[in-house]
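Chain naming follows the written order as A, B, C, D, E and F, and within any one chain the residues start at number 1.
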Amino acid sequence: MRILVANPNSTGAITEACVTLARAAVAAGTEVVGWTNREGPPVIDSVHTDYLAGATLVSGLLAVRPAPDAVVLAGFGNYGTGAVKERLEVPVVSMAEAAMALATLLCHRFAIVTTTPRMVPYTEDLVRLAGFEARCAGVRAVSLPPLGEPRPEARAVVEALVEEVARAGTERGADLVILGGARLSPYAADLRRAVRVPVVEPVACAVQAAEGLVRLGLRQSAAGKFAPPPGPPTL
Amino acid sequence: MRILVANPNSTGAITEACVTLARAAVAAGTEVVGWTNREGPPVIDSVHTDYLAGATLVSGLLAVRPAPDAVVLAGFGNYGTGAVKERLEVPVVSMAEAAMALATLLCHRFAIVTTTPRMVPYTEDLVRLAGFEARCAGVRAVSLPPLGEPRPEARAVVEALVEEVARAGTERGADLVILGGARLSPYAADLRRAVRVPVVEPVACAVQAAEGLVRLGLRQSAAGKFAPPPGPPTL
Amino acid sequence: MRILVANPNSTGAITEACVTLARAAVAAGTEVVGWTNREGPPVIDSVHTDYLAGATLVSGLLAVRPAPDAVVLAGFGNYGTGAVKERLEVPVVSMAEAAMALATLLCHRFAIVTTTPRMVPYTEDLVRLAGFEARCAGVRAVSLPPLGEPRPEARAVVEALVEEVARAGTERGADLVILGGARLSPYAADLRRAVRVPVVEPVACAVQAAEGLVRLGLRQSAAGKFAPPPGPPTL
Amino acid sequence: MRILVANPNSTGAITEACVTLARAAVAAGTEVVGWTNREGPPVIDSVHTDYLAGATLVSGLLAVRPAPDAVVLAGFGNYGTGAVKERLEVPVVSMAEAAMALATLLCHRFAIVTTTPRMVPYTEDLVRLAGFEARCAGVRAVSLPPLGEPRPEARAVVEALVEEVARAGTERGADLVILGGARLSPYAADLRRAVRVPVVEPVACAVQAAEGLVRLGLRQSAAGKFAPPPGPPTL
Amino acid sequence: MRILVANPNSTGAITEACVTLARAAVAAGTEVVGWTNREGPPVIDSVHTDYLAGATLVSGLLAVRPAPDAVVLAGFGNYGTGAVKERLEVPVVSMAEAAMALATLLCHRFAIVTTTPRMVPYTEDLVRLAGFEARCAGVRAVSLPPLGEPRPEARAVVEALVEEVARAGTERGADLVILGGARLSPYAADLRRAVRVPVVEPVACAVQAAEGLVRLGLRQSAAGKFAPPPGPPTL
Amino acid sequence: MRILVANPNSTGAITEACVTLARAAVAAGTEVVGWTNREGPPVIDSVHTDYLAGATLVSGLLAVRPAPDAVVLAGFGNYGTGAVKERLEVPVVSMAEAAMALATLLCHRFAIVTTTPRMVPYTEDLVRLAGFEARCAGVRAVSLPPLGEPRPEARAVVEALVEEVARAGTERGADLVILGGARLSPYAADLRRAVRVPVVEPVACAVQAAEGLVRLGLRQSAAGKFAPPPGPPTL
């Protein structure tokens, strides 16, 4: 089985990090292929960049040859997940949706920690649209520096994550945390050592879900919201 | 005051129809200017075309000179409304949001009738995201033919609308209807003669709301979800 | 066009303040007329006074000659808004409903600040009944002294408002504030200078909405909740 | 113990019918006293009459001597229930609230049948405001003639009720029905013989609840929404 | 009338305490009989013990002779309340459900205080399942020691309760508190002296509700969720 | 990896059918072991049998040697899922929860079809408790005969399923269906040939989810609702 891990932004380093996480999560025999949305913005930190990313994702993914058995959208956002589901005939898994869906099996209420306070309302909309409000204890944020700037020390990031996890637990009863951004995924292992709650890393969740769908022969419904659109795909 | 009526798709005839409706609704002294998203798709009938439209809207609107005092997004959808609100410094009014907001003042529960059954789930998501679920009696659809095909007889469209309005009333207690698509707006007058419930035509609503915001000196909040994004606007 | 700004309580000074705000907000050519509910209580600070106000509003407003083109209920409450909508044949706009409806176009989640802690649950019910819970970050209160007592210093009121706005932002993510009481409206300009979030002053919103409805030829639906009641209007 | 059964409208015959139902429901030793809101409207069939009724209820009830141990508001509506709770120092029980609260103990989802289609949205608001939406399968209506007209045959009313109960069960899974209006209460016994679902008659519920509160020494909270208002009670 | 107060756990001392509370609450002429679930666990402090308790409740209660007129489940939890309602032909009242239902008549939003932080999510599920989320300001906990250990000083427990009540009021607007556990019931009287909000003690509520149902001739609906199961009762 | 497929009822034939479905779904190298709750009831068709099943599940599963790497609860219900999650240190996956979680990735709104009308409210509670209400288009039922009776013809069952799927689509917009009961799982393949919407068979979903959790090193959170209970596990 061949799963395409599609990074909605144009930053190859993030694609690579995601592919590494994905490869560590799949079953033997599953091939993971990375794909970078070269036409997209380098980082998705606004609704505007969400749309810029989403607009080029579909045609980019339709052009991938050979076509993969499933596609994982490796970003914690929307950027036209529905558009990709409409247009592709293979299972399409949003890593945000997969992480929230898996979390419902493991906890009472999950918290999401995202990469910047600016994206909290955006992420709340994501939760609302997916219908997970009753299970979400809230969206919190650390503050990663912009992509071009020097990377912060891992210890500082993990400490900030630990603090947000603690507050989500105390104030809102969160008993699980989802890392809400591919840039946070590399800190998952360290964070797990520091907190008692399960830490859900979405890339791994999503490739697992994608593998499962391929094995089960399931994909997004073509009978409603994700029915193939009337116009040509290469619009 | 100068209000830009921005058609998110590339079909000039729809822009013109919207401008006509807008001009009939504004106060004396308000200038209405049409704008067509020439880079966008000819019609928005899927999430994919929603994203294609949204991706080019922002840069297109930023380039308009002279800058208008307010922008009305003249389509009953999302296509990156949030992105436009982030990037523009003038009030940005989505006609879908304006129609639903106005409807809450006038009824117990509104129904929305959209242009094709395919867009019902898409429109339900719009309602959910805007938080109007408690006031929405449901989304229904007539079936307009694709843009290129011959226009249906007005009488047939109005009859179909009347039937959907009747069913929304009987089955779900709707006591107001919103026309959920710029292509339905021209039938508003005929529909009003045929039904007892108020018929909300969103283009007119939206320009009124835009005028109001300009007079009140209000625009979308820059303190949260619609704060200016970190990257450059012309991305 | 002639808009009646109806103060549901009997305090003429509040009517005057509302009329001033209204006149500053309407388009050229719109006449604003004040009306005071002389039979009502001097202030509405309980459910009891809400009912006393509402009971006399309808017959009082029906008697206004010449009949206005629209009525604005200039108080941040209920006091039988539905009764007025049932009985009058012109558009009736509650300033609380208008402010919340407009706020949905401008923010992620609005906060309401009311004039006394006692009215917080009352105002929460207003939000719930209008169906704006998903968009409301909470109701907070400053503590204005009773009407008869000396007016507090403007600076103290504004400081208290600023503090509530800050807390609503930090704790609940509010990115817009609605002034929840006609007595707070005069502080809108000062508050705007002190906070980053948009400040919605409901009287101005409501007259704008009323003007818009008159221009659009719309009024509350007579097909359901606001259908004319069976009995005589002058009950 | 002495319980006042307060009819919010001015029609003595309805008071008497309610008192009869109440007396059949109380424990030995509980005295039931009827009270008619002589200043109110003869029937409450609109928001307007709701407000007219509510405005005179408080002062009327405050004047009752000797003061009862509890008050039951014997109408299926609002008419200022909160105002009465604010002003009276004895337990105040709305028969609508009592019926819904009791129903939650007995079923999966209750239906309410009210006396006229016009009051369906009004009653839906009542359900929403009390927070029982998750347990309510919907509000339906039969069509009783206006008060002054000849009373319909009991058999016809019961048949209409049976039909509404059946539809609420089939379409929405209702497994209990609440009679939503004092005028329907006399048909409870006949309806019980005709349907399998429990039939909740609200007057009886409410006097039971009132008795219970008196015995438990409980009344509405004075610490929030129902705190005594600042102004004088006899406003 | 004879009401069985059924303690779902096997600790006789708790049964006795409940019976005492129940006897103080019933009308003259109502007999209260205690019953202990001897086959159940000594305390219900987990979902596991909830299920152990519930599994033996039904057969135990079916064997009670003479059959009571109503059964009160005297624990603040679930342990198969629905199973008992399915199998018994007399009214079955859960004390948790009865307390929440009664609270809705008396307040804006109630808080529940339970006996250990571990049971907060469990109790939140109880609130959600019963549909009282809109009226619940939150579940809080004190920390009672395990059953076998020495009882804490009453003063310390009451102080802890007072603190939780205060925080629920300040942070979430709670204006009534429900004691969420039979072990907390004995502190009701002391707590009432220390706080302004009504304190609902669920055992008393539940026996009152049970008496009321017997008098009204009502019991749980057999037309849906609580229909008699197909298999034999003594399974 | 070794996954235990635990049938909560005592009917070995159902265990076998589930094991067959599970084996067809797992990755190479995953061992599937069946386990039957011999102490439980033969079928779970009520809350009572749910509790009887749940009460013996925990101790039964704790005794399994060698301990599996994950446990799948192979019934579409509750029967103490939370109790098993509390007590076991390996991932525990409810097939109902897994099916709903997976469905959220694939559709706009899913319908569940259960095995008997009697279990519709029970299943609705399951949906509500898991927080999937916003994504569930409703629970419907076919009518399988009791276990002991002759099995119905496959064609008749599939036809009944097809009809329910069609109605869920037309009336409520469902674009995916979940088979809500292990007894329906064998009809999945036939149903897929007959309908356009994806058919989710929960056993396969659940084993996939269990495999995924083992690979990811995740299990239910021990930091809140599913923390190990204070008492001994073999209670």
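Following the convention adopted for this analysis, contacts are C-beta pairs under 8 Å (C-beta built on N, C-alpha and C of every residue); 3 or more make two chains touch, one makes a residue touch a chain.
These figures come from a predicted structure and were not determined experimentally.
Chains that touch both chain D and chain F: B, E. Listed here as common contacts of chain B and chain C: A, D. Interface of chain C with chain D: the two copies contact each other largely through the same residue positions, with over half of all numbers used appearing on both sides. Interface matching across D-F, A-F or A-E places the copy of B-C, with more than half of contact pairs shared by residue number, at A-F. Across the two interfaces under comparison, A-F and B-F, the one joined by more C-beta contacts turns out to be A-F. Each chain gets a centre from the mean of its Cα atoms; the one farthest from the centre of chain C is F.
With centres set at the average Cα position, the gap from chain A to chain D is 52 Å. Remark: chain C and chain E have CA centroids separated by 43 Å (rounded to whole angstrom). Inter-chain centre distance (chain E to chain F, centres taken as mean C-alpha positions): 30 Å. Computed from the mean C-alpha positions, the centre of chain D lies at a distance of 27 Å from the centre of chain E. The set of chain A residues touching two or more other chains comprises 108-109, 121, 128, 134, 173, 175, 224-225. Under the touch rule stated earlier, the contacting chain pairs are A-B, A-C, A-E, A-F, B-C, B-D, B-F, C-D, C-E, D-E, D-F, E-F. Listed in rising order, the residues of chain C touching chain B in the complex are 25, 27-29, 91, 93-94, 97-98, 100-102, 104-109, 130-135, 169, 173, 175-176, 196-198, 200-201, 204-205, 208-209, 211-213, 215-216, 218-226. Interface of chain C with chain E (complex): residues 120-121, 124, 128. On the side of chain E, the complex with chain F involves touching residues 41, 43, 45-52, 54-56, 58, 79-80, 82-83, 85-87, 118, 121-122, 125, 128-129, 146, 224-225, 227, 229-231, 233, 235. The part of chain A that touches chain E in the complex is made up of residues 108-109, 134, 173, 175.
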